[in-house]
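Report on one structure; see the data block that follows.
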Amino acid sequence: MNPEFLLTAIIFAPSVGALILALLFDSKNAEAMRLFAFATTAVTFGLTLVLWLGEFQSDAPGMQLEVVREWIPRWNVYYRLGVDGISMPLVLLTSLISMLSMGASWSIKKHIKGYMVLFLLLETGMMGVFLALDFFLFYVFWEVMLLPMYFLIGVWGGPRKEYAAIKFFLYTLAGSVLMLVAMLMFYFNTSVQADGFNLIKLAEAATTGSLLSPSLQITAFIMLFIGFAIKLPAFPVHTWLPDAHVEAPTPISMILAGVLLKMGGYGIIRIAFPLCPYGAQYLAYAMVAIGVISIIYGAFAALAQTDFKRLVAYSSVSHMGYVLLGLAVWKINEKTGETMNSEYWQMGLNGAMFQMIAHGISSAGMFFMVGVIYDRVHHRDLNKFGGLMGKMPLYGGLSAGLFFAGLGLPGLCGFIGEVFVVLSTWSFNPALAIVAASGVILTAGYILWAMQRVYLGAEYKGPHPEDLTPMNMRETAIAGTLLTLAVILGVVPAIMFNVMTPSISRMAKAAEAGYQQSAAQLNQDEMQAQR
Amino acid sequence: MTADLNSYLFVGAVLFVCGVVCMATKRNGIGVLMGVELVLNGANVNFVAFARYTDLGLDGQVFSLFVIVLAAAEAAVALAIALNFYNNHLTIDVDRANKLKG
Amino acid sequence: MVGETLRNLLMIAWLLPLAGFAVEIFGGFWGSRKSRVAAWMSVGCIGVGFLCSLSALLIWGNSNNFWKVTHDSEHHAEAGHAEAGHAEAGHAEAGHAEAGTDQHKSPDSVASSAASVVLGKTVFSGTLYSLARFGSLDISLDYYIDSLTLVMFTMVTFIATCIHLFAMGYMSEELTEEFVDHSAHLSNGHHVHRPGRYYRFFAFLSLFCFSMLGLVLAGNIFQVFIFWELVGICSFLLIGFYTERKSACNAANKAFIMNRVGDFGFLIGLMVLWTFFGTFRFGNTVDAKGEVVQAGLFQMLPRDETGNVLRDAASGDVKLGAVTAAPESPSSRTIPYSLLVVAGLGVFAGCVGKSAQFPLQTWLPDAMEGPTPVSALVHSATMVAAGVYLVGRFYPMFVQEVLLTIAYVGCITLFMAATIAMVATDIKKVLAYSTISQLGYMMLGLGVFGWGAGLFHLITHAFFKSLMFLCSGSVIYGCHHEQEMPKMGGLWRKMPITAFTMLVGVIAISGLAIPGLVNWCSVFAFSGYFSKDAVVATSLAFVKGNPTHFLLFIVPLVTAGLTAFYMFRLWFFTFAGKPRDQHIHDHCHESPWIMTGPLLALSVFAAFCAIGGETGPLYRLITGDQPAHVAHGIAGAVGSGELTLPGHEAIHAVHGTAGTLALIAAASGTFIAWLLYGTTLVNVAEIKRQLSGLHGFLANKWHFDELYDGLFMQPSHVVGQCCVWIDKTVFDGIIHASAKVMIFVSKWDKLFDEAVVDGFVNLLGNSTFAVGRSLRVIQTGRLRQYVMFIVVGVVALFAILFTTFPG
Amino acid sequence: MLFPQLLDKLISETTSLSLPGFSVELCLSATIVAMLMMRLVNLDRFVPTSVTAVLGAFAALVFTWLQFRQIGAADAIVSQKIFTGLLIHDTFTVFFRAFLSLFLLLTIALTSLTGIPDNEDGPDFYSLLFGATIGLMIMASANSLLMLFVGVEMASVPSYAMVGFLKGRKPSSEAALKFVVYGAGAAGVMLYGISLIAGVLGTVDMSLLAARLGEAAAGGTGGLSDPELRAVSLGILLVMVGLAFKLSLVPFHFWCPDAFEGASAEVAGFLSVASKAGAFGLLVRLALALSGAPGTESLMIAFGVGIGFIACVTTTFGNLAAYSQTNLKRLLAYSTIAHAGYMVMAVSALLVMSNSVQAAAMQIDINRTVEGLLYYLFVYLFMNLGAFAVVAIARNHTFSEEVDSFKGLVGQSPTLCIVMLICMFSLVGMPPFGGFVGKLMIFASAFKAGDIHWFMYVVVAFGALNTVFSLVYYIRVLKTMFMDERPADARPVPVHLGSLESIYVVALAAFVLLLGLLPQFLSATAGAAAQSLAKF
């Protein structure tokens, strides 16, 4: 298949499906719409598979299958797509999780048509974010994602859905206006007049230190970072996440945890780091600290929850803390400006990326499991469960597997990311590394405690015990797929690392070079100042 | 003694201020409109004076003529509206026009 | 070629149980609840595994004609040293040859990319496959095969086989559609009725075997950590096998979380090693040509010929001398000595958790909630011993500060556990504490530089302790799940085989022997005698070298007596005397053959596995590949505060004395036990009353549980609440509060709460809304005011212009 | 020169040059006459006035198109003074003529759809509408202070009447009264300012202002201590106030909410877009006419920054005040205020940049600024008219313009709701809708102006912050429409996809989306218009 067309197809296949759904389908015929929507996501997933197995060269570090079309030549805005080792896994994850959560959407009963249409539009937005190489385009997709999400939470959500939806919307919008300003900063700098939105060219300029002055880099980085940290979410700006997760319907929680959170990390590694390496390095300590705080804070908060879904949500905060941590463990020699722990930083970056994938699978799985039980007994109070392992053995077993994946058990996906990140941290700062490592205890604590309260024990203590029917085929298939992936990734992580490592090391090298350039400039300026 | 530009301007300014004050204080709608006229004429005095003393020349005169015409038109519409207001409220006390607020 | 063969054999033994697990776990789908197929399957897997490991052991022996070495201990010490020394020296060139040949042999083997190196004659290591590689950093799954690995493999698989068989009988009650669990109650007071889980039990057992063997086979410390966690989760699953019992769930969680505490330290150790050594491998890594691209951990830590760690005189740092092709690899760095200590302690912390050493010992007694075969396999013979095994495996990396810590931790543990065991009345609890105590012995042995002694005791203990657990299991089975010893007594008539085999185990652990005859023929002393002897002797030698640490000899000596006491107490309590509970006594019965068979088999090994003591085959097998510097010991410089670590000669010198003393202690302990419990001469209750305070203290396990609960559990929950509180208060609450104020100020809160939602939006919403509300006040709708505003606005603007724009 | 020759010259010039340039306005005037005549002879019984109006507006559109053609044909940049320099005819003017006549057409279409006014009043209403439009066109093309004033008055006076057009409605008459008094006052103030400028600089020709200003400043400090400059700057200030009234900038916005609430939604829509457009055209011309005078750069930059400050205040005020509104028209009125603030940011950036020392170098950015403003205006036309149209259509069924009357409307007429959604998110400035592009362009130019004066960064910051603020109240409306349940007693709003109303609003929404996805064409046109103002 023509590669150019392939990327575009991946992005817009869902929205085409949405259009057909909206125009041709009769809103009475629920099942047909569900099946069609599912087919659409499945096709998209197939396309991404084609992209991965057919077109993508794992060993090539650079951008591949680049597509460039004029969009608004007056301001050098282009329709520019491309995929590399950093976006490839996330694209796969997106299409997969979309398909699975669409499979989980059978539990949606009202306004099915609207739901499906919005869902598919959402997928288009997500795909676009991961494939766009033009800052303007990236921003457009980034925002496009918001609208469907707002309504998906706000219309199909739980009791406090409106609150959660608008909270989510406001947080993200606040972040993205900051991103907008940063975007202008890049656009208006003189060195890259011709392609002020071209992320690749901008990154190259940054590598030579000619993009922004060090001080401006710091400003720009802070703006970008806040924008992405909100999505991640990192410690002080995480409060939207529990509400959004708790109120959103199960499939949307899966999407939120599985894909949306990843955009924060992706933005940092795709935009923030390459475009302002100096700012990134300057704030490395802050980021690592925030990451560590998120890990511990999220774990403690999870420990204290009584709402099952809220617990999983806070676990996401904790797990995404590892991502931030791994991205930021970049230590440089203050005097020479060269990177001291290059390989360890790359390990951290890879670990962070892997952690994103792993968390995408495990947390989506956990939310799905919560949803399965919620669909049956319609409550999420941890103290009103128990004995499910006996009542629904298959469900109990699968959930146990997925929760162990979240717990970071070796042989399951969660372990690799966490441990790699933590291992790489000591070279940055032993103290923070130790604190981060102590996360393993807390994680074990809250997950096992939750499992004990839900799955183990003599009997089910909550309402509607009669509704505890075994999982049906659809649910089993979804959970089984996720668990299988968790195992595969945990046993042979190389399949992901082979894809990611070349691009990531390239990014890291570029950032290191860029930092050195900027630092050199700074020194020269000081010299002149002294004279 | 010969009056110079500034004294004319002074008169204009006084008229202007009187007009504004009239607009801001009068409760009777018609009174308010009269204030408007005062303001416009204050400007007119300026124009004429400038026409006389500076190289603005005839433009000033023409300008003031235009203003007078426009003022008349405006007054017409304004009075019509005032009448309409009176039809609805049976008063032209502008303080009674306080339903629309907030 | 040997390395290949050994690897393949061991990998079969390792992976078979995994395959078994994969099939058995779904037993509920393909089999009926009543079928024993799953059990036979797992037995088959582990049995074949045993055969594989045994043949591997033999092959290994032949490959370095081990069996032909004479029994002369002196010569042996030399030989061991020589071998090991050669191992250190000669791996490089040996590597070429072997690796070269490996390359074209390996494709058919499991590990396609395996480049196996031969360290000396007898150590084989290589890579199975790579997890990830960043620049020169490479994380992979490796294997490291030496005599210790092989012995452990054989021991684990053998004991596992026995226990599997035993379990087939013991768990037979699960072979039903409706199993009534008498220890789990519903809220309405009824017992829990559930389908049997026979197949699930054996699936978990298989999974455990897989993890345990993987741990033993592991070729790098990271891989050890992986399987470390896996055995942890297996024990979680097995302890919590009766998920309906709250106590079981709690015990399971406690076990796993306390292990995680240890693993936290382990992780720190890993971080240090990783950061400064840049590799996790034990052995060298070679490329296709046999060039050493990355030296292994053991080779990177430089030791002088005496075995002391070489340190840079000026900084005190340790220069990591490494054979490596990659120039920029981190191995060219130096590591501060202190961090070397940290790394050692970190790894040891993991062992503390796993082997239930002080201060993380409290989980093991609770773990007895699991079915008895689990206690026998996981919590006495194998998993808990893994900590000791790791200390042994990782020995070359431990500096003497770490060793001393290990010794003291072991010392404290063995004494404390023994004291608690003396007053415990639950038969399994007693055994649990004795396990902890014995593990303490092993740690002590390793800590005082008795590398061989510690591991020797590990093996022997595995045999007799699993034996005793199975016996207790048989008793419990016979007595219909009665575990309280005070309710038993006089059972030897009812279950003679159990009683007899138990006696064997008891004698073995107590280290009794018939003095005169031992030296003539070692058949007259059971395994425990030799191994404990070795430990005590080593510690004596150590104390001779470092008098300040005399406790390290006194305590174990005394504890030897205590051990004998509480073990015989157990035996007398259970089997001798008169029945205390006639009802139980009447209904109890001897177990079926499938259970007693393993008992007999194990009892033979418990008795005679250590024949010949330190000149016997077992000890020599274990120490076949002992670390180079162990054999001759280390003489610490006088006055430098360094320790003097005893070598074989030193130990051998004091062996006689130590043996005698230990024997006396054991004998006296036995005698007292007989006096108190074997006869009616002394009123035990009276003594208990006299020492009630002490008794209470011991009975409450030195109050460790309460202590930890107060120290860690409660605080963590409190902190958790705090976090939530912060979220609610600081992040949302301030906002709520400010919002409230705002609302109050601008009396509009009703409309308000309908209009905008609370929470963070309230900060934006409420406050801004309030502002907007107050803005509405300006819009009075009064015309004259509007006009006024024009004037005011103009004047204001002009004033601003004037003020802000000077000149 | 002798009088006859002068006369000949004048006549020839007028016929050959001025009248063609003025054709659009003439066409509109002709339509007015036609409508009144038709009623005189009762023709309007047979031909509804709205049809005539549509035809007239369409004809005007055609004329603008012709003018575009003609200008496009010319190779150089066309900028010719007509009517002896009273008006100026260039791409900028034509752009505004096109804009206004298009908007006129759309408004007429809307009014004829929603049936305001009834057939009797049709001629009056449409005459007022056309008249106001002509005035706005004159504002946009004014080249003389006289035309400036005339334009403003011509635009204002009919709109006073239109606000009060709903006969027998108390709110309507009250709104009209407020509007007229306020407007008259503002006009007076502006006139006084004009008199000062004209007097001190001695000309009414805007193209000469800069030069005269330079002479006046020559020798002086270039500061306010110089009495002439002081008088002029006071005059400029007063003129600005007059325009601020038309743009409803804080603190001269008071008429806006009241007038909008009192007037019908259609009229409100017209006022919110058209009068702003004209005023902006005028403001841009004035700003450019005043800037670039040697010696007064810093003064003008100060003015620019002042406008920026006003812009910040206006946006924030508008958005915050909109929070607690319950009447949708009033809410939209406040949003109008806020958007005027956004747009005026561009003007301040324009002033700041074109008075900087490197103005010549920044010509491209200056053009971009004007271009952004024009683009925003155009998008604003569609999205705001769309919102008001939805309000008007729904009002015709529910007889209410309260926000609550829209509860759960999505169930009954999804089309209206989705159009409202698109318009409002475009008003927020979310991609992929046109509002985002316009906002981005304006922020960009303001950001660029930050190189000249730091305060412009603050302006950008306020703009960004307000984007977030504004979300809250827009989304509140959407929440009411989409997430609330429709009350049982609520009047039904059966507007189906096929109906004319739907087609109308969908078309508007389509344009909003189109301008967001394919900005190229329009921005090129706007760029050309901006180019015609370029000084360098």
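Order of writing sets the chain letters: A, B, C and D. Residues in each chain are counted from 1.
Just so it is clear, a contact is a pair of C-beta atoms (placed from the backbone, for glycine too) under 8 Å apart; a residue touches a chain by one contact, two chains touch by 3 or more.
Owing to the predicted nature of the structure, the values given are computational and were not obtained by experimental measurement.
The chain with its C-alpha centre at the largest distance from the centre of chain D is C.
Centrality by C-alpha centroid: the chain sitting nearest the overall protein C-alpha mean is A. In terms of C-beta pairs in contact, C-D outnumbers the other of C-D and A-D. Centre-to-centre separation of chain C and chain D, using mean CA positions: 78 Å. Chain A and chain D, compared by their mean Cα positions, are separated by 44 Å.
Averaged C-alpha coordinates give centres for chain A and chain B that are 65 Å from one another.
Chain centres here are Cα means. That of chain B falls 26 Å from that of chain D. Residue positions of chain D touching 2 or more other chains, listed in rising order: 177-178, 181, 185, 189, 257-258, 468, 472. For chain A, the set of residues that touch two or more other chains comprises 162, 166, 170. Looking at chain C, one finds that residues 761, 764, 776, 779, 781, 783, 787, 790 touch two or more other chains.
Applying the touch criterion to all chain pairs gives A-C, A-D, B-C, B-D, C-D.
Contact residues on chain B toward chain C in their complex (touch as defined above): 20, 23-27, 32, 94-95, 97-102.
Partner chain D is touched in their complex by these residues of chain B: 12, 16, 19-20, 23, 29, 32-33, 35-36, 39-40, 42-44, 46-47, 49-50, 54-56, 59-60, 62-63, 66-67, 70, 73-74, 77-78, 80-82, 84-85, 87-89, 94, 97, 99-102.
By the touch rule above, chain C contacts chain D in their complex via residues 748, 751-752, 755-756, 761, 764-765, 768-769, 771-773, 775-776, 779, 781, 783, 786-787, 789-790, 792-794, 796-798, 800-802, 804-807. On the side of chain D, the complex with chain A involves touching residues 425, 430-432, 436, 440, 443-444, 447-448, 460-461, 464-465, 467-468, 471-472, 475, 479, 482-483, 519-520, 523-524, 527.
For chain C in complex with chain B, the residues that touch the partner chain are 776, 779-784, 787-788, 790-791.
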